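Quick one: the structure is below, questions incoming.
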Amino acid sequence: MLTARRGGASWHWTDVFTYLYLAFGVCLMFGPVLWLALSSFKTPAGLLEFPPTLLPLGQIEVEVEGHDKPLPLYEVTMEDGSVRELAQIRRIGIIAQMVDPADPETSIRVPIASREPIREFRVAWENYTNPLERFNFLTYLNNSVIVTVVATLITLLINSMAAFGLAIYEFKGRNAVMLFVIGTLMIPITIILVPAYLVVTQLNMVNTLWAVILPGAATPTGVFLLRQYMLTLPRDLIEAARMDKASEWAIYWRIVLPLSLPAIAVLAIFSVMWRWNDFLWPLVVLNRSEVYTLQIGLNAFQGELDVQWHYVLAMTVVTLIPVALVFAFLQRFITTGIASTGMK
Amino acid sequence: MTEIILKDVRKAYGDVEVIHGIDLSIDSGKFVVFVGPSGCGKSTLLRIIAGLEGVTSGDVVIDGDVVNEQPASERGLAMVFQSYALYPHMSVYKNMAFGLENSKMRREEIDRRVNDAASMLQITPYLKRRPKALSGGQRQRVAIGRAIVRDPKAFLFDEPLSNLDAELRVAMRKELASLHAKLGGTMIYVTHDQVEAMTLANTIVVLNAGRIEQVGAPLDLYNRPQNTFVAGFIGSPRMNLVDAAAEASDGRIELVTGPQRIAISSSIRITRSDKITFGARPEHIEIVDEKDADITATVDLSEQLGGETYLYCTPDGMPQLTVHQLGQLPVQRGQEVHLRFDRASMHLFDGDGKVIANGIPQ
Amino acid sequence: MTEIILKDVRKAYGDVEVIHGIDLSIDSGKFVVFVGPSGCGKSTLLRIIAGLEGVTSGDVVIDGDVVNEQPASERGLAMVFQSYALYPHMSVYKNMAFGLENSKMRREEIDRRVNDAASMLQITPYLKRRPKALSGGQRQRVAIGRAIVRDPKAFLFDEPLSNLDAELRVAMRKELASLHAKLGGTMIYVTHDQVEAMTLANTIVVLNAGRIEQVGAPLDLYNRPQNTFVAGFIGSPRMNLVDAAAEASDGRIELVTGPQRIAISSSIRITRSDKITFGARPEHIEIVDEKDADITATVDLSEQLGGETYLYCTPDGMPQLTVHQLGQLPVQRGQEVHLRFDRASMHLFDGDGKVIANGIPQ
Amino acid sequence: MRILFGLLETPFRALQRLLGIGRMPYIFLLPNLAFFGIFVIVPLIINFAFSVTGGDELFLNDRPYIGGEQYSYLADCGNYLDPQSCREDRFWRGIYNTITFVFFQVAFMVLFSLITALILNREIRGRGFFRAAFFFPVLLSPVVVALIWKWILLRDGVLNAGLTSIGFERILFFVDPTWSMFWAIFVSIWAHMGFYTLILLAGLQAIPPDLYEAAEMDGTKRERVFWRITLPLLWPNLLVVIVLALIKAVQIFDEVFVLTGGGPGTATQFIVQYIYTTGFSNQVQNFGLAAAASVVLGVVLFVLTLVQLAVTRRREDG
Amino acid sequence: ETELRITWYNDGNEGEVMREILDRYEAANPDVKVTLDVVPYKAILESLPVQLAAGEGPDLARVTDLGGLSEHYMDLTPHISDAAYWETNFGPFLKWLRQPGDDSAISGFMTQLTVTGPYVNKTLFEQAGVDLPGDGATWDDWAVAVREVADKLEIPIPMAWDRSGHRVSGPAISMGAKMFDADGKPALVDDGLKAMAGKLYDWHQDGTMPKELWGSVSGSQYLGANEDFANAQVAMYMSGSWQIPQFADKIGDAFDWWAVPAPCGPAACTGMPGGAALVALKTSEHPEEVGKLMDYLSSEEVLNEFYGKTLFIPGHLGLAANGVEFQTDDPRAKHALETFAAAVPGISPTAFDLQGYVNNRVMFNALISRLGEAIVGELTLDEAYDRMTQDVEQQIAEKERGG
């Protein structure tokens, strides 16, 4: 029985399996993200390296007398088998001209295959600072935040209103509306991209944040999730409120909404995720930089012929930070909330 | 002070009629209790009065106005739910103030009313707590408080005590009685608990399958049930009801059931009949000497509660009888006892279950 | 036929000890009932016996073997849960057969046992149904049937009737009693219901806060409670317990509480004491003429149940007393009544709540 | 909040007076349905209109009506089981790839979410943390998920570094159709498993613990408890998970597109990617054909929905 | 104040360079503000066409589907000061931006002329002791040489070609592919193309080329081997002039990366020309200002700075002839720039026609996607040829259906 182990009882194979599975699972779930984060601090050259290093490294450079610029330091295996630390002056073909920093006068010729760069832990902050300086980062951030917040608020409001209508009342056409809602759960946005764009142009919303905010506001998932939750609220409460002279709006706003908080929190989390991560749709409807969201702005490093990976990774990490924060703050809602909403 | 009248009220869900024409008049200031078996329509009737359900036909009249079309929020009644239905996200204070806020009452007035009700119900110390942090009895009081503050035309209660444990139920029952004495408002109370009905009501309405069986004061129902349903329903443990045939003999009437014959005075006008039912409450069957006995029975089970004893015993050819005696009877399973029905408290019903006599003169 | 012995059993959850050393011996074939207030450890103790919880220290001995390390599945006991814990996805038959299938019993034997149990419990017609399609009482019977088929060493019941309504509870209680009479196995039964405990038990174990207060036959506990806890706990409505001082005067002893003085015979050996508690059950207080009365009290509330009457009345300077009388007393709120304590049924306890006397000779 | 409430309460109260409580649900539904109609239903209708017209023009006025031609083009096959024999071979390959993907993805998704849920349902220390850890990837955008894994799986990625360091050959994962499909399945399970795990966890927690105790009293072995108690009682939740996972799997696009680019060849090109490329990322944006394919997809998904509805309905009844 | 919007994408630093130039322009023209909307390249390829079709485009855009979008271009002729200057200096490229049948419109200029051609890792050749095949070497000669290098040094990838129709087309034309029939209609598959495709196919089977590019993604997606080359995993890399800035940046002097002239086939020794153009769009409401801006941007002085700083091959004939001052002191980059610039005159006219053909991407896409499917074994080569022809026919027919 994989459910609970009582204190005192002897170890069952499932106990061992459980802990192995969990250890492995945590590595598997967090490992890749950590790897991404570490990689984002590597230089473009560091990223290309194989085998990859765990930590970001940079080659050590030393000042050598008689040379204006600092020279890169190498570990060289000499012909006699001894190992020396030498700085490289230049490389011509397969021969490097090197110099011992202690003895700047004599230059030594070394085949390039016998040297290894000497490196140290070095964080390439420029992966972060360059793009952030180069772009109107704050504008993009601002837009993303506006889109995420406003869209989430609208989504929460109209979805919860609809869910309220569907959960609390019995009325003609209720089943039809539900079927409709569930039916549209099935349609991936990708396949109606172009017609949806047409609608947005007709509404003159292209290049406004509304074009990103409004179309996704009426999520079927949200209506469905909230309704299922509201169905579990005791009907007595609603009747008690009616006896208390509450208007239907007051019942919605002051009774049902606060009580649906766990489900609303879950929807809020999802909505924030959807909006924050949204890429394809904004790419179509936003083409002016003052309305770019972060996802568009930061993906501008994906060119035609070259992807500037060091920037892409760094910017991916930047967009992950809010996700991580949301995660940290709302983690208890996520784990208990989704379970309690049942999302069925 | 509010008078509520139901005129031929009917209610159907879809094709199924569950309330079959109820006529009832509830006088102002009275404590009326609806009792009846589960599913008989008690809650439905209460909710019809509250306005939470519409009627299919008939009228609900409150203080002379037909309110059929008025939504619950405008009828000015207050209801206490079985589940209490306290708003879990509001403090006790907020719970009680909610209804007043809805009618846009002034802050100070709300404050005054809530505090008055709270101190009357002794829940002032909990005003800031959430319902979750209260015990069952406290919650119950908050639910009542929420009704009181509104100063409603009438109070409706739907099994308000059934979620409490036995001891608390007794205590709350006493509080409700004194509350009614204090407030004096019209109260309609649904319960399936005998004791609550008997002790709280001015008037008990016995419902069965969507119809009224009998309306009356508690002891009236206990002493003079109009039919076997009420006889069996009121009183705990149930009245022993035995089917018998009535045979006249010797200027007396004999109730014949199986081999047993119980003679009663012929002062009762009863025609010879094959189908009759006689009833005797467990507390109205005495254990007597053989010579005085109506019947002899074998004890199936004796339940000694200390202060009282229940005997379950079966006379030859008759269904089991319950006998209730004070004190600790030294009776064993399998023993024979001689029983006598107290004639003055015996009930006779005809073949349709209608009463013939409540109490038979010796 | 199984004997179960607990030796200084203790149980702690984390740092909190909830069972503080229980010694108890349950004889083979006996029906033992655990009672006590909520949270006192009844269920925990039962689950320790079942093997669903381990002990922190002490031993559980079944038929002479210490079974502390034996998992529940191997102790050969059967348990009936408050929630019934029927497998909702299996038919009644499957529910009953499941435990037998686990022990790889032959099909025919399983079939025989299930059918026997089913016919004994009168659930044969429902064998194919799922538990959801059964009423509360039927489910209860299936749960018992599931226990019976296994022919267990002992039956454990954790409040098995508490989910049933009042009427059904009475019926099932009777069935359980006759079941024990028929099967004769050792049964341990947890309840918080007075009546169940009194009527079912051979032996009642009164628990309080993880300790045993008293062990004895039901009437023994009723008649001779060893302390105020048991006195107050056993019997419903509760015994009236009044704090008083004992003063010797005139060769008699007077119990002084407020302005009231109640004289009792000095045959009781009681030293003059400031702190004493006397108890009288509601059924042991009589309404008498003024001249015979111990005290005079004002009626706060009278509850007329038809066959019996409860009076709640407050004597001057004393706490409220409950009085229980048979019949319909014509007593009104506010009226004065003269009360006398039946000396033979009066109980005296010392300052620590220990019994001094159960019954005072006149 | 309070102000917003007050602001909206007055008009709503007036509406309620005017219309009666019976009509209030329509008022509550209105905003959502309006948004929905404008941004989902209208596009769906346009999409259908696209599917019965031709050309590469965007506005319907400019597109000639061609009836079911796009549909018959899609359906033009020598042998439906052999994409090679079809006019639009990629559409059919997309379908068959999707079927393969859905089959394995759903099977393993359910299996692993079940195992994870069972494990997370045990009384283990730090259960909250572990639950969160398994849920975490659900929060990542599909593009990020794919980027992360692509970065790991490339020729010079960390996985190959690991393999070579323990003496294996490098594997070019994205060149081998089987590996590509494997990773497409793996990564999509990685990304979404947490969600399904939580649904199952909720189901597991809804199983009354006393059933397990009853089973224990009945002398049941752990494995048997799992098969005879846990699994049957979890079945409704499992069904929900299966159906949801099925629908999501049919819709798969972004993750796999960024991860494998649909390759090698067309080995991981799924139906939505086919629609996307045909209608959007080819030089001649063939809206008509893409729309026809998406209508076909829509019908398939709708059938799946009906199945789900039937299933849940039965669960509620039974 | 007028605001002009340019939708732009970046491969390297060209956005920054352009911004500097625009800043100066704004300073000189205070009534005009020019905004550079930098988008991912994906948006240029996928979103921009839909936006333009819906009439929602910007004033200008940097595009690569030169012909495909031509119906949306504005004719700048009335708005620029000197049409003759444009004809002289951008003549051959203006054609690429015109719709079929039009031979006068001026819509923009090339921000970057690209020439496809191979790079080699000269250091690897030296280490292996293999000589670089000289001028006039054929693709087969190169294949032999790179295999030898790879064998000796255990380099995983002897030769890599970008997964791009554009890349294959140069060599295909060298092998004799005609691309069009006598009527100028597209005729992708002929013996020349088959010869090239066959080689490509064989090289993938025998390990000369890695399957990671052609055998990896599906459809017409682009994949480059630039990172593997920069990581010294590749001996010869068939790409183009646009790689120069990033190689200068990423490789530095880690090894000698050398651009070499296009290898030969029986018909020619040609690469493909191509590139990105900055075009004016019909959707603009400020044609006058757009014209003025284009005048400024297209001036020889500004372009010299632009090409020089971005290390792009000039799309300006005057500058090409006089030589741009490339702002790099990397000898390898200089050499590469010279090599590609010198290749321009030798580009086959077929290559120019193909580049100028409106639907050339339809052909490229058919070519790569089907060739890719053949390389991984989903199709035989012959099936692939049939599918290519069918793809091109179907898409062009669909396009023509709308009129």
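By letter and in written order, the chains are A, B, C, D and E; residue numbering begins at 1 in each of them.
Here is the rule we go by: contacts are C-beta pairs under 8 Å (C-beta built on N, C-alpha and C of every residue); 3 or more make two chains touch, one makes a residue touch a chain.
Please read these numbers as outputs of a predicted model, since none were measured by experiment.
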For chain A and chain E, which third chains touch each of them?
D
Average the CA atoms of each chain to get its centre, and name the chain whose centre is farthest from that of chain B.
E
Identifier of the chain whose CA centre is least distant from the whole-structure CA centre:
D
Interface with more contacting C-beta pairs, comparing C-D to D-E
D-E
Between chain C and chain E, what is the separation of their C-alpha centroids in Å?
93
Suppose each chain is reduced to the average of its Cα coordinates; what separation in Å results between chain B and chain D?
57
Where the centres are mean C-alpha positions, what is the separation of chain A from chain C, in Å?
61
Separation of the C-alpha centres, chain A versus chain D, in whole Å, is 19
What residues in chain C touch two or more of the other chains?
71
What are the residues of chain A that contact at least two other chains?
48-50, 194, 198, 247, 250, 254
Where chain E touches two or more other chains simultaneously, the residues are 46, 50, 54, 231
Under the definition above, what is the set of chain C residues touching chain D in their complex?
50-52, 71-74, 77-79, 81, 83, 85-89, 98-99, 102-103, 146, 150
Chain C touches which residues of chain D in the complex?
208, 210-211, 213-221, 224, 228-229, 232-233, 235
In their shared complex, chain E is touched by residues of chain A numbered 44-45, 48-50, 90-91, 93-94, 112-113, 134-135, 194, 197-198, 201, 206-207, 283-284, 287-290, 292, 296-297, 299-306, 309
Taking the complex as given, what residues does chain A use to touch chain D?
1-5, 12, 14, 17-19, 21-22, 25-26, 28-30, 32-33, 35-36, 39, 48-52, 157-159, 161-162, 164-166, 168-169, 171, 174, 177, 179, 182-188, 190-196, 198-200, 203, 214-218, 220, 223, 247-250, 252-254, 269, 273, 276-277, 279-280, 295, 312-313, 316, 319-320, 323, 326-327, 331-332, 334-335, 338-340, 342-344
Quick one: in the complex, what on chain E touches chain A?
5, 7, 9-12, 16, 35-44, 46-48, 50-51, 54-56, 58, 64, 122-123, 126-127, 222, 224, 226-227, 230-231, 242-243, 246, 249-250, 253-254, 256, 276
